[in-house]
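When the chains are written out, they are named A, B, C, D, E and F in that same order, and each has its own residue count from 1.
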């Protein structure tokens, strides 16, 4: 949920529509906080996620990751300006249950004075854009080290239209999932399940990296991954805290619950490794953190700090096993484990939102007349619909992309590395100093 | 323009003077946002710009770049405290058209209660300081890999007095360019043209690096450059958004337009490389982003998102060609391309501000009674004056510096690298782990 | 001092207690700023401090530093949730002079509506948590490159209970030091002296690294240290500026004074090296910055910008000599110089707060009826008590830890490096790209 | 005894090591090197300029072995490292006068 | 003249250099290498998976010296580099036909 | 055939490669090494302490060539790498018994 619902006691989906903002007045403090949150969420993607992912690939592919994150940022911004914001957040007329309209194409009507709730619509649109940026960027982890650069560009355009915009509208833009009462505070469905499923579909369609699973493909720079991970943790305060779209107790509590989810996810994964391998690893603890954060995201505005902590613990344990099952058991080469971490985390989090929102568990409660069981049911529908929609849309997108520009590099290109093949550059020239 | 002009309907330059603040009352939301923006702009310089530049030099000179950015931060802060804030923003009496006075030396009168507009003067002064810091730091790209460290220190002191303070006062401190109606929201003239021209003057006076242009001088660490670039993008939200000096629709729109400028600059440069070289590079896309950002800066508070996007596209294409002309054609070794990116971008942006401010192009309009043609004329005067002033001031500063401490290293020092020669340190000791 | 005292004219310690918040109303701007500050302070620890410290160790131990900082973040968060917040900030009943109670265990009563002063208690608690996180993380510099990972975990739990919570309560939670009038705006005692002394105790108890002082142990990555240092500078705006717990002139002035302290510390250390070694180093200037920041911290909310600058100058010179005395003269292997920088800086800063708060020196003045001499006396008591408490508590903690899990690695493990020994990982696999 | 220096394509390391171990060679030492030869390098883009980078990352494998293993070892490297494309590398054979195992002080064939 | 190639454990470098200089060797050249041999490597964890990394960081020391120094030099390395544990490394001795000092053009023993 | 090992100052690489190619040598292999010799290293500052770092970054160039090219090649390296300052480096000449081209299996002079 992107707007603070307690304010007027109206159903959440009504409050989410920017065009209902006529009666609102500007709240400068909310504005200041959402501008800050916008910076934090952009920071999560570039450099945050880019570094987190980048450190995990081999040296020869490092720039491909950074470049893809950066180019996605630029391309999604252009699409947002052109029609994506409109498709996501404007009134879709007869199609409104599924998708918005084109009235706000080229951000028509987004003026210096127009408001969305208590904040300028420019700020609302910009804040939402940062979510639209990071979602396809999450997906690239699924096909890392073997994808063609032009395929990533093509995928981004098609997928934002077919997968992101509809789901975003359904959940946050006043579509049917919102009407049905699905609670997704900051992106369990739209962002995490959506990205996780797309990555899994891509991994299955493209096949494993050459040498997988026998060849070791160790992270080339764990310090880079650490840096990105830490940026993700901090930036997530804007991701979840900003999703209150206000600077108030709701935002504050979302940050606190989010933080506890991250801490608990880290500790749970660390414990799993300590028990099973005898040693905890750096990659393990940061992966647990991401699992905790992804999982707590849909719930973050509806729960208390203990709820956040419990969700984080569950996330750390379940995502740990999910990685092992997907990669070691099923031998699916979702290169950077996007599905087991974000997909599984998003699914769990969306459903657990229905549990930990219960006042008995420190949560903020359910809508009038809804029981925990009912809410869990609604949440499950939300998760299942998102999985199905994302799977189908992603399949279509990758098929189209493969037909149009080709998805995967050939063997020799894969051996040489994507940096030289697609960008004529290498990440590091440390020895250049001697020349 | 550093203060929000629509508020009282007064000419911008009046509102920019901190001493007119008598009647204002504290706005805490504005204060929160400008403190945040201050952090973001400092973050742009250290570590942002330092990493962006640092990744581009050879290993043996990496610390020289980081050290120069850091030392500039410290030195400019001390100067600001001593007299630079006063020269830039206090009343210059008879000289007020050109330069401020010394009344506010040692930040006299900047107390816990004094206001500048709606924010504490401490916050205003600190925010402005971050702009004063990043400007000379931009210049060092022009003479990278061959300058003496003491020369950088000397240059910083002299140049801040002769180039930065007067231009800042003329444009933002109530000087004659402000009175004439030059619109520079966040630093097209004071920061970007000023820095770009100084870098060009330095490059011409010091001559090319040894081996230029035949020897390859590849960036030693593109991941560092990426990280810095991403920090610049995010930090620029504070640079331009903070220049509204308020948390409101003006700030929000500035951020949105800025973001679109960055995205468009990235895409334009990427397209140029894809067409001309067959492949887009990481360095290309981030350079396009910086070009877009530098160019949109003066306009950012006067335009809409489409205006920002158009400016970014123009910036990406023109700066791409500018780099090629300056470096490959004219063989001027402006090491990190400061002039073709920031100088050319700043000039274009300052002039295009007069164009895209037009309501017909989604802009916020001109002052009462001013036409687009007139505004373009005024803007051109602003750009030309800045170029001329900066060129002359920089020439004097570098001549003086050369005479006093020597600008350039000798051949053997250049071969050995500035890190060992001036700092007795090396950037990396990866193998030290084995010992 | 963590809450803005001028507001009601009440003694500071009363205002610091969250349970006195009944009459307060929510200030959204303050809330926005403290949420921002919270992000900034967490950012100081991960990635900031982790990178700053990490760059200074040898390659084989880099992950141990990053991992320790990260795990400390998670563990302290869990403790905070469980009882540490309560021990630090709730009413301790009969023990209230020394320690808080357990009423707020599991953040009981921290609801979406509960306030602490003008901000949600969730935000207050979260902001304070970031201070609790960074303090033990500072300590690890004292025993870097030779400590067992399980010992760090054990130390964190015990030390937070025995050292951090009591001191935090005494100074900020309404304990006797607060009542006595000790002024510590943002952590000279609780954070810096406390961490510095603990590091010294650890270094003495564990003995030097193998090869110290004859073997060179050069920083493996100065660019990482630079990046962390710059993040610390920027993040400190949240550390000190946030400690006003308001978005107002007090916060603004704290930031300005803090910034000047950092600049002056940098310049002072640079000058010392330039004079004594003939060259200034990168490591030197950033160390001076940290010294300046640590020292100005307790004073930052009570002084003016000139006061900040003077404190920074003193810090740069004194900490420079402290490092030499501790490490070269006394041959104590406080690996990353935590005591001479943070400990000595914290002691100086705590005492100098009593000096530079004087209106004659640009400060904000003393409490009614207190002279400078008296305040210096009170401050000295505060510093001495903190040193003593921390030394005793740390000694007990390390003795216990040694008995329970062992503090130090054996010779062969030290040679191999902590990354492989405790985490089965290496920081860099640059050559993995070729495979 | 012989001292064998092979320059190979980096991604062939595992196969070469396996092949050597199959013929009875237990120890090898590997170094990252840059090769210049017939195989041409690549182009790098730098802000509108194009540079030719003509070194290529290769691995150098050094093996000390007894004379009787020489032919099989050469053969093993040859077939494991070959892709049939230019730049596959070289094998150089030098004479080795003596060898010592540091741990034990053994010398000659026993030290290998 | 002889050309001596020693593979040692990295942390022994300073001791070996000292020992060599004590017997009169003034110049050495050192390279970071990866060693495969009897000494086993280590395990690395990667998200629930465990990998065996079987190369070990070693240093290669190359020394050109006159024949009369050979035995002492071998002896010096031997004792300075030894820890008695597996993986201490090897010393290989090759014949060196000639040597030149680039700066002066001197050749033979004078060039060392 | 001969196997030539040259230690040079890193910034001389391009000149040396050019000179070798001028005399007909087409392939070389280059390694980054650390040299210890007469040339002294540098000082590093670390928080008030000064350390002497006595290794220097050098490049090692390895060339396999036919006997008839030996003198010219030595000559070429000598003059291209020389600055006349201490630390210019060395050239070592070893005998090369055989060489193989991996791609084709050719051996002897044809393999170079």
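Please note the rule applied: a contact is a pair of C-beta atoms (placed from the backbone, for glycine too) under 8 Å apart; a residue touches a chain by one contact, two chains touch by 3 or more.
The structure presented is a predicted model; accordingly, all values stated were derived computationally and were not measured.
Chains making contact with chain C as well as with chain D: A, B, E, F.
Rounded to a multiple of 5, the Cα-based rotation taking chain E onto chain F is 120 degrees.
Of the two chain pairs examined here, A-E and C-E, it is A-E that is joined by more C-beta pairs in contact. Annotation: 33 Å between the Cα-based centres of chain A and chain B. Here the CA centre of chain A is 46 Å from the CA centre of chain D.
For the pair chain B and chain E, the distance between C-alpha centroids works out to 52 Å. Chain D and chain E have Cα centroids separated by 18 Å. Shared interface positions of chain B, i.e. residues touching 2 or more other chains, are given as 27-29, 32-33, 36, 62, 215-216, 218-219, 221, 277, 279, 281, 283, 423-426, 428, 431, 434-435.
The residues of chain F that reach two or more other chains are 11, 14, 31-32, 44-45, 50, 94-95, listed in rising order.
The part of chain F that touches chain C in the complex is made up of residues 44-51, 53.
For chain B in complex with chain A, the residues that touch the partner chain are 27-30, 32-33, 36, 40, 58-62, 215-223, 226-227, 229-231, 233-234, 237-238, 241, 246-253, 255-256, 259-260, 262-264, 266-267, 270, 277, 279-283, 285-286, 289, 304-306, 309, 364, 417, 428. Those residues of chain D whose C-beta lies close enough to touch chain E in the complex are 3, 17, 26-31, 62, 64, 94-103, 105, 111-112.
Listed in rising order, the residues of chain A touching chain D in the complex are 215, 415, 420, 423-426. Interface residues of chain E, counted against chain D in their complex, comprise 2, 5-8, 31-38, 55, 58, 60, 74, 77-78, 81-95.
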